[in-house]
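Two complexes are shown next, each including subunit A; its partner changes from subunit B in the first to subunit C in the second.
Right, the complex of A and B next:
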């Protein structure tokens, strides 16, 4: 029963992921093309003549019905061609390859910081008896969550540049060029991006640990005379990990949005910055291509999280939760 | 008291135990001078409505009460080791007591198992410490003893893959693996399919008998009590109101509350007679009850029942705490904190039986 149930669960998640990706492709395409002010308006300005605009639209095939344009785009994407930037004429995939490592490093560092600092803090807060742990984690959690990235980021930029505190606040050094300088240039952006996740993990983790401790099977283990340390190791950690995984998956999605702000604030040449520039320039091909890839990455992360649940919580594999 | 009690210390001895829960609205007194003795190997039922304090007493035996529970007086010892009162130890001593002497079977058997761990591993963790713990075959034996078929499958399962009945059998096997001397079972069949209740209870009682382990069965189910237990203690408002041999107490209930419980039993009704419910609601005590806690609901209450606490008295082979049956020594106007509680004696019982007959 368990293996086939597990297989069905994982297969189901995969199908859901594929459908989600398709829905995203439709949404991105429509959103980009329905934004007021088309490509010719932006490139040629408001004073241009209608004939010139028509010619430009025809040149890029923008005069054809949207459905046809969409199908054409999907056909290209399925063969691995993300299109060509309307602005620079460079293939979108080339731009992606250049910029993806920057964003991936930023997101990876933020996630690592969140997990490595957040999980121990959550455990500490959850295991500390009484109100102190709960109060502290609530205070840290809610204050860290309610400070927006751009406020925190701007503050860091100001402090570190005004008082020369030893970390660069802008400029990016590729990892291959100088690893140490690379990490130094990434430190503040990653910190900015990880604070929200850190708060999320600490709060959720603390509450999960506390909730697990009050569940009947913990009472049963304590009634058998097991030590609190053993009980924590054997019975608490895995059960408390389930809600933490959920918020981590949500946070991974948030990282994409957060990256837009942080990359711009710290002038990092990442994907998010490119998407923002492309939207401002109505560079349809670039926006579509990059957002679609971002969505695919996001869906993949969520799939991984779903698989992780399945591994951690046998009830989910069997299809009935709680 | 039954013969096997002998001279050995009782496995459970609670004397005038007072436990309160501190809440936002002040303290709630759950045990109000509860007194109960369970002899070695005895099968004892503790009955009473929800809120009567029986679960509190059950959990108090292992000091497993919620963190807002406050000990406010009296004594409780398990196998001679103090749990509440002077000399009570926490920490390692308490853990040793839980490991070596006590075992618990819970109301919801599936919830009492770790949902993310296979039964095999949980059996190993609950088993005797040391080398045997790694021995899978002894876990399998333990599961076989509680009547589970297809033991390998059960060992491989997660709790959610078991039925309530199977999970409770696992719970019983886990509880009895360390050969405890006292097993506390709190409504062990409440979450089990009605058709399996008798089986599970039979199993629990026979396993305890085989091992010579005393059983304190907390339940509402008087039919099961009548069938399986030697002694019954009826609890109301955080104290015992009637305590004695099951056959005598249920056969001829004397405390008005016990009488009401027995009358409210489905199955005891006769054609044309109403099934009686007990009028009113159980009390929520905020402090010690000055009189008898049942007085407000009692059909036969005397004028002093609400204000004067009845003393324990030996009446008709049982211990009774009621002004209607003052017993041999008990004085109806005795102070509530009467220290030397009289206990049932044979002479007293005969004497009282006559007195009872005369009174009717």
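Right, the complex of A and C next:
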């Protein structure tokens, strides 16, 4: 029964993800096409004479029913063609490929920092019993949860540029050019983005560890004479992993928004900056392509998290929960 | 995506009915600190306009980019405007905008969440699926997209906060309602001839008020974060009106020479959000609500 139950769980998640992605694509497309001053108006904007307008409408396929335009767009997206920038005439996918490494590195570094520092800290906080220690961790945690990334980033920019503390502020160096300089230029942006994630992981992990430790099967294991380290490894980590995985998926969604702010603040030439530029420049072809990709990535991450729950916790796979 | 579920909350008597003998957040010093801070911010937001601080929009109240001093406590900005009254206006705008958005969010999501629990079948399916789809948008990205469509300004920020905070709140309210909707007193009311409106408002609402209030508190902090983030990107509030986020945006250019223009509103914003979060934590513990989460 376990394999079929597991298969059904994974397949169900996959279908939900696909349906969500479809609805998102419809929403993005209609938003960009139906709003006054949207895609068609930008394309036809410079044309004054009716003849030129007609020619442009035919060229961009705007004279056809909206449903067909949508299907055409989806067909192109499925073959890897995200459209052409209305500003520069460059294919959106080319721009995406050029900028993706920057954003991926930023997100990867932030996530790594969050997990590598967050999980041990969460264990430590969950196992500690002192009143002072808990109060302190709550105070630090809630400040880290509450500080907006642009405030934290601005503070770091100010401190590191005013007192020259050894890390460069702004000025992106490609990884291929000089790996060390690249890491140094990414350190502050990644730190800015990871603080919220750290707070999230520590807060959730601490509560999960504390809750697991107070459950009867831990007391039973300890009473049997198992060592505390062994109990932590065998019983606590696995049970506490689920909520932490959940907040990591949430954090991935936050990273996408946070990247817009951090890439803007530290002038990193990433995808998020391109989205912002496209919106400010009313380049709706780029907007719809990049937002769709971002939503797809986010949905994929959530799917991965759902799969990870299934792997970590057999009860979920078998459909006993939710 | 449905993995972020809200577990059923306590279904005891509604919190307002419970007699409280001690001060709020007994034995929880941090949440008390948060409450005090929040009250302070709200007092400034409500009465700040009557304080004799000067005109927030008067140009050349002092030299340009003057550092904080005895006369101009928070210094002046690039147009020589005194920053202190602008900070007060910023606090008011930030709380007003996020607060309004959260009230709309709460009204819409409480109704939808209760309906999703009461009517099974198509209605429930539509509501929960709709929440799932909205959830699939990264928060700030959705807000930026909306700002592009509606145009930068308060309305766009308000709509995005509602759209971003609603899905989670609908889930929380639905989960709480599901644990109540099959209990005997609801069945008895239905048998006794009570209509859906009466059951939702009289029988369900008081029982889900706890989780809803806690979630609304967190939504307030998320709303403040979103509004300030949008304003920082120049897509939120437009000059000459000011929110704490737009003040940081205006000051960002002068960060190296006039850091107070960024650091003072930034610190105030952080403190305000922290106060709301701490009060949320305190409420969560006091009302014994589990499974309510923060999203940003």
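List of remarks:
Note that the second predicted complex is superposed on the first by the 281 of 322 C-alpha atoms of A that agree within 3 Å, B and C clash if a C-alpha of one lies under 4 Å from a C-alpha of the other, contacts with A are read in each partner's own complex, and residues count from 1 in each chain.
By our rule, a contact is a pair of C-beta atoms (placed from the backbone, for glycine too) under 8 Å apart; a residue touches a chain by one contact, two chains touch by 3 or more.
What you see is a predicted model, and the numbers here were worked out from it, not measured in a lab.
Subunit B and subunit C, once both complexes are superposed via subunit A, fit side by side. Contacts of A:225 after superposition on the shared chain: subunit B is touched, whereas subunit C is not.
Of the two partner chains placed around the shared chain by superposition, neither subunit B nor subunit C is touched by A:201.
Of the two partner chains placed by superposition, only subunit C is touched by A:275; subunit B is not.
Of the two partner chains, subunit C is the only one touched by A:139; subunit B is not. With subunit A as the corner point and C-alpha centres for all three chains, the angle toward subunit B and subunit C works out to 70 degrees, nearest 10.
In the superposition on chain A, no contact is made by A:209 with either subunit B or subunit C.
In the superposition on chain A, contact is made by A:299 with subunit C only, not with subunit B.
Residue contacts after overlaying the shared chain place A:16 against subunit C, while subunit B stays out of touching range. When subunit A is checked against subunit B and against subunit C, the one touching more of its residues turns out to be C. After superposing the two complexes on chain A, the shortest C-alpha to C-alpha distance between subunit B and subunit C comes to 10 Å.
Overlap of the subunit B and subunit C contact sets on subunit A: empty, with no shared residue. Put simply, subunit A touches subunit B in their complex at residues 1-2, 215-217, 219-227, 230, 234-235, 238-239, 312-315, 318, 320. Contact residues of subunit A toward subunit C in the complex are 16-17, 19-21, 23-24, 27-28, 31-32, 35, 38, 135, 138-139, 142-143, 145-151, 154-155, 157-158, 161-162, 196, 200, 246-247, 249-250, 253-254, 256-258, 260-261, 264, 275-276, 279-280, 282, 287, 291, 294-295, 298-299, 302-303, 305-306, 309, 322. For subunit B in complex with subunit A, the residues that touch the partner chain are 62, 64, 95-100, 102-104, 106, 108, 111-117, 125-126, 158, 160-161, 174, 178. Contact residues on subunit C toward subunit A in their complex (touch as defined above): 1-5, 29-30, 129, 132-133, 136-141, 143-145, 147-149, 221, 225, 228-229, 232-235, 245, 248, 252, 255-256, 259, 262-263, 266-267, 269-271, 273-274, 277-278, 281, 293-296.
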